[in-house]
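The following blocks contain the structures, represented as structure tokens.
Below, chain A partners chain B and then partners chain C, in two separate complexes.
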Partner chain A sequence: MTGASSGAGHPALETRALSLSFGGLKAVSEFSLAVPVGGLCGLIGPNGAGKTTVFNLLTGVYRPDEGEVLLGGVRVDGRKPSYIARCGMARTFQNIRLFGELSVLDNVMTAGGVRTRSGLFRTLLRTPLHVAEERALAERALALLDVLGIAHRRDEQAKSLPYGDQRRLEIARALATEPRVLLLDEPVAGMNTQEKRAMRALIQSLREQFGVSILLIEHDMGLVMEICEQITVIDHGVTIARGAPAQIQNDPAVIEAYLGVPDDAAAAAGPEGAA
Partner chain B sequence: MSDRAGKTLSERVGALRPNPVVNTGLSLAPFVVAFALAMVVDTVVGPLVGATWTEILLDVGIAILLAGSLNVVNGYAGQFSLGHAGFMLLGGYAAAWLTFYGSMKFFGTWEPVGGFLGSGQLLFLGGCMLGGLVAAVFGVVVGLPSLRLRGDYLAIVTLGFGEIARVLGQITARQPKNVEQVAERSWWDLADNLGGAEGFSQIPNYTRLFFVYLFVFILLILAYRLKYSSKGRALLAVRENEIAAEAMGIDTTRAKVSAFVMSAFFAGIGGALYAHRVGVLKPTELGFQKSIDLVIIVVIGGMGSITGVVLGAAILVILPELFREFSEYRMIAYALALVAVMLLRPQGIMGVKELWETSWWRKGVARLRGGKRGGA
Partner chain C sequence: MDDVLETTINTLAVGGLYALIALGYTLVYGILRFINFAHSDVVAWGGWLALSIAGVFGWTAAGGAPAIAVPVVLVLTMAVCAAMGVTIERLAYRPLRKAPRLNVLITAIGVSLLLQNVGILDGVFGNKPDTIRPLLANSVLGEVGAVQLRLYDLMTIAVTIALVVGLERLVYGTRMGRAMRAVSHDERTAALMGIDVNRVITVTFAIGSALAAAGGILFALRNDLRLTADASWVLLGLKAFVAAVVGGIGNVRGAAAGALLIAFVEVFVHRYVGAVFADKPWVSQLQDIYVFGILILVLLFKPSGLLGKAAVEKV
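Now for the complex of A and B:
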């Protein structure tokens, strides 16, 4: 049920005892996690728990003070974000970070561009390889927009898209880099029920269609519980629970982290929680 | 369609390769056209508009070359460089060093020799290339450490570079001006003799419309090809959101440095053309003020727009000429025109769009096509 046992080979993404401090504040401590190949894992926690900081550690925006990040069994911690992205880790951003002035199609083509081999001179001379790569880029970008359901908006400026479509474009852009691991930071934030349902189906379909393993940060508990195979819960940077959705839902530490413990109930609930 | 989404880029590239013969033709044709057009500008347009306007056209072309090259860094990649005149100065010195001392050594005179594409002009073309290369090398040296900085910090570092280039130019040694003195000294020995504060003078006047517009058209072709390619989109992505660009696998430092180097190369050529037009290369003429003038052209034209920069360069060179009869008031009028543009169109004349991407251009084209259909 947990799906954490990777069988043969390495997990798609693994972290070992990642820690990071900002001055005296321990933002993340001893964070360990394994996303199996083809797995869909969730990372949840109350506001300010350090979820996005974990994403920033995984993608190289921050360097961990201690610990390791392994992508398909290869260490990538301490590398630049662009290097890690080319190794096969792609992400979306909680606070959307599109290339606003560029068209929707160009946003996706830009990301796909990192898989091209022609350098500046081939580009300026328009060699056959460069021309073929640009054609393939455009074709693939359109196909991705199609999958995400925003192909009809391809010529619009990214910043002019409605919010839900911007989130979809972020996913299309991340997929264009041909990732093995996809990190989604609150993909349904600010969406209505109908949009959420569509996004849920989409996320599930991505695994088969693109062969990616997914790690998901989400505040929408319904979504996380329904689609994730394994969930890690952190609070104040510390991992407080890990397991299948059913386990997490009944974990007293998780309930406490989210809801707190009423003063008068604390004494009564205490012994049960310890058991 | 959607089954193609699952495929990787490299799996699709093989099937999409263009016909190599056709592709080579398409790749080289624009350069042939550029050569022919430069000939036309030189032999037809020049005589047609007369001497005064030929001079103005030379200035416009050099301004397009410099502002167009700055646009790659400032417009595409969004990196605010205030040291572009420094690259211009270095390129000018390198080219002048080659043509002046070369002419003295080979031809025994500093005056231009030879006809169209004769020995003198080939020496000059070599000087332009050398100027571009020297500027490009300095582009790497300046770009590597400074392009890790952002915004104001980068502006200050590049401003510092421009000032260093100017000061170094001012402290170079005197320029030997007779043939015997030059003949007995080696090339390397003469590398420091760049005229100092009074300037490098007697630079042969090789710059003419053909060379200026040949390099202008080549720059425009390359700038266009860059903008509509993965490398160019990577630069635009750096401008739009550096964190997202890096997260999508774009090595932002490398992208910025290569833009900086390409930009410096053409600034060096621009400097070479400038030096061989004016005849005297004074470091004080190519200081901070010149860098600012170039930034203004890019901002007024539209950051990142190739056609915008061409328009901006043309307007900002021609405008003061038109106001010449108002003598001392013309700089006020010029400044007022700048303020007016910034108030009315803060994104520049063209914004980030190219001429053919604007709505009124598209409407015009549609109307033309509609008209033709109606006529037939």
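Now for the complex of A and C:
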């Protein structure tokens, strides 16, 4: 599947046998994945399976013990998070992590600032270049807020936004870094059906509108099965299944990981067999 | 009436001085959550470096300095101290970025002692007090009633306002300021949004140390240059630190407000309470006690400072 749908020959995001241990505990083990350019892939697994740890490995928060992370065919593992972000990897957080004290607009502009050219002295002196860049930055940030439907809240403090809008703002902030790959960590967690429906439409539209490839962590199976082209399932850091939604839904290993082993099967396998 | 005007001018001048220094404490605390105890020594070095720089230009004799002497010395000293602050951060604090706060705090005290004692070496600034007053005579610019408007006071107020307004614009109106606020709020998330945290910290130390240099020069003009190991620098730093805490540490506007309050207490107590208890001179001699008394009151009743927000413990 590697590079199957990639124009330049490289997947937008690829990992090769990523492993990470905390002390003696193997949090992620030989995790391999490829998100094709323009693809929308899902990463699922029971609580504590290591999904967010994978995101932390991808974005440089954790350094993998082994394995590689490639962004558009270029290795970025071992680099600083800010470098990886500049290479085109952006993320949102399961527990929303906005800059709460900053305004909505400033949150987005903060992330957009990484691609501007004027340095500190130009900033202090307010050269025409800096002023022009600031204006362009603000306009772009506003356009993003508009796409996410929260432009009318631009001057409010980020922490005062309702929950759903905070999730939208996180996505706007991530998009402001002009990513090639967008990592969404439980984008619909805690949302009601109506909000979920709106978010689903939004996620799908992001691909065309911004040309991003998306990797999604989500517990809402309905959403994942509907919008993802390919799903990877991990449990205890180990990849237990991978494939199209229909395949995953009927995969015995996945069902076992989520629901546990049926009683009679567990009895037949003996005490060691019951995971 | 004259009294009120004079004490007001004094309050603004002294408060401005404290504010310049308090901003350094509060900026660094806002970003790194630690008190840079070496900050008052950067102030002292600022005063002494100004003397050295004036010496290079041959401006150390009384009346020998041109009108541009002070601006030139001020800017150069601020630049040198900015580089000094950045170096201190790079060598002493950055290697401890992931260490417990206490380690960094103790290191800061170590840096402070180092600067104090290197400063009094013969080849550095020496162990005799000196003065930078030849740079600029404290002339009387005018009179309002019986109150003389002196150059040092007005200059201190003007320089402080210019620098504080500049800082305010930087923090709240520019990309670097946004990055600073973002890092202050959540360093890790800021990094994930592509912000180079190390660069932000470097800039923070540069700005804080440059402001400290300005404070050091203005203090030295008013009080002469004591040895770098002299306790008066530490006391100055301590009061500025109190100002930052009283205003709400980590808060730029709070630092300025706290500085004015501290200066107000100091100047007015000295002037009015001292006059009421004229037969008991110790009452006004205890002005430092009142300053630190304010600190205790603020910590008791509004621990997050006058303009600070109640800290929410992150879990």
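Observations, loosely collected:
Simple rule for what comes next: the second predicted complex is superposed on the first by the 256 of 275 C-alpha atoms of A that agree within 3 Å, B and C clash if a C-alpha of one lies under 4 Å from a C-alpha of the other, contacts with A are read in each partner's own complex, and residues count from 1 in each chain.
Basically, a residue touches a chain if its C-beta (ideal position, glycine included) is under 8 Å from a C-beta of that chain, and two chains touch if they have at least 3 such contacts.
Predicted, not measured: the structure shown is a model, and the values here were computed from it.
The superposed arrangement places chain B and chain C in clashing positions on chain A. In the superposed pair of complexes, A:Thr127 makes contact with chain B only, with no contact to chain C. Look at A:Met109: by the touch rule set out above, it reaches both chain B and chain C.
When chain A is checked against chain B and against chain C, the one touching more of its residues turns out to be B. Contacts of A:Glu14 after superposition: neither chain B nor chain C is touched.
Shared-chain residue A:Arg140: touches chain B; no touch with chain C.
Judged by the touch definition given at the top, the superposed model places A:Asp235 against neither chain B nor chain C.
In the superposition on chain A, A:Glu186 contacts neither chain B nor chain C. Once the two complexes are overlaid on chain A, the chain A residues touched by chain B in the first and by chain C in the second are 59, 61, 80-82, 85-86, 90-91, 93, 97-102, 106, 109-111, 113-116, 120, 123-124, 130, 133-134, 137, 173-174, 176-177.
Contacts from chain A toward chain C in the complex involve residues 59, 61, 80-82, 85-86, 90-91, 93, 97-102, 106, 109-111, 113-116, 120, 123-124, 130, 133-134, 137, 173-174, 176-177. Of all the residues in chain B, the ones that touch chain A in their complex are 1-2, 4-10, 12-14, 16-18, 20, 23, 26-27, 222, 225-226, 229-234, 236-237, 240-241, 243-252, 258, 262, 352. Those residues of chain A whose C-beta lies close enough to touch chain B in the complex are 59, 61, 80-83, 85-86, 90-91, 93, 97-102, 106, 109-116, 118-120, 123-137, 139-140, 142-144, 146-147, 173-178, 209-211. Those residues of chain C whose C-beta lies close enough to touch chain A in the complex are 166, 170, 174-176, 178-179, 181-182, 185-186, 188-197, 203.
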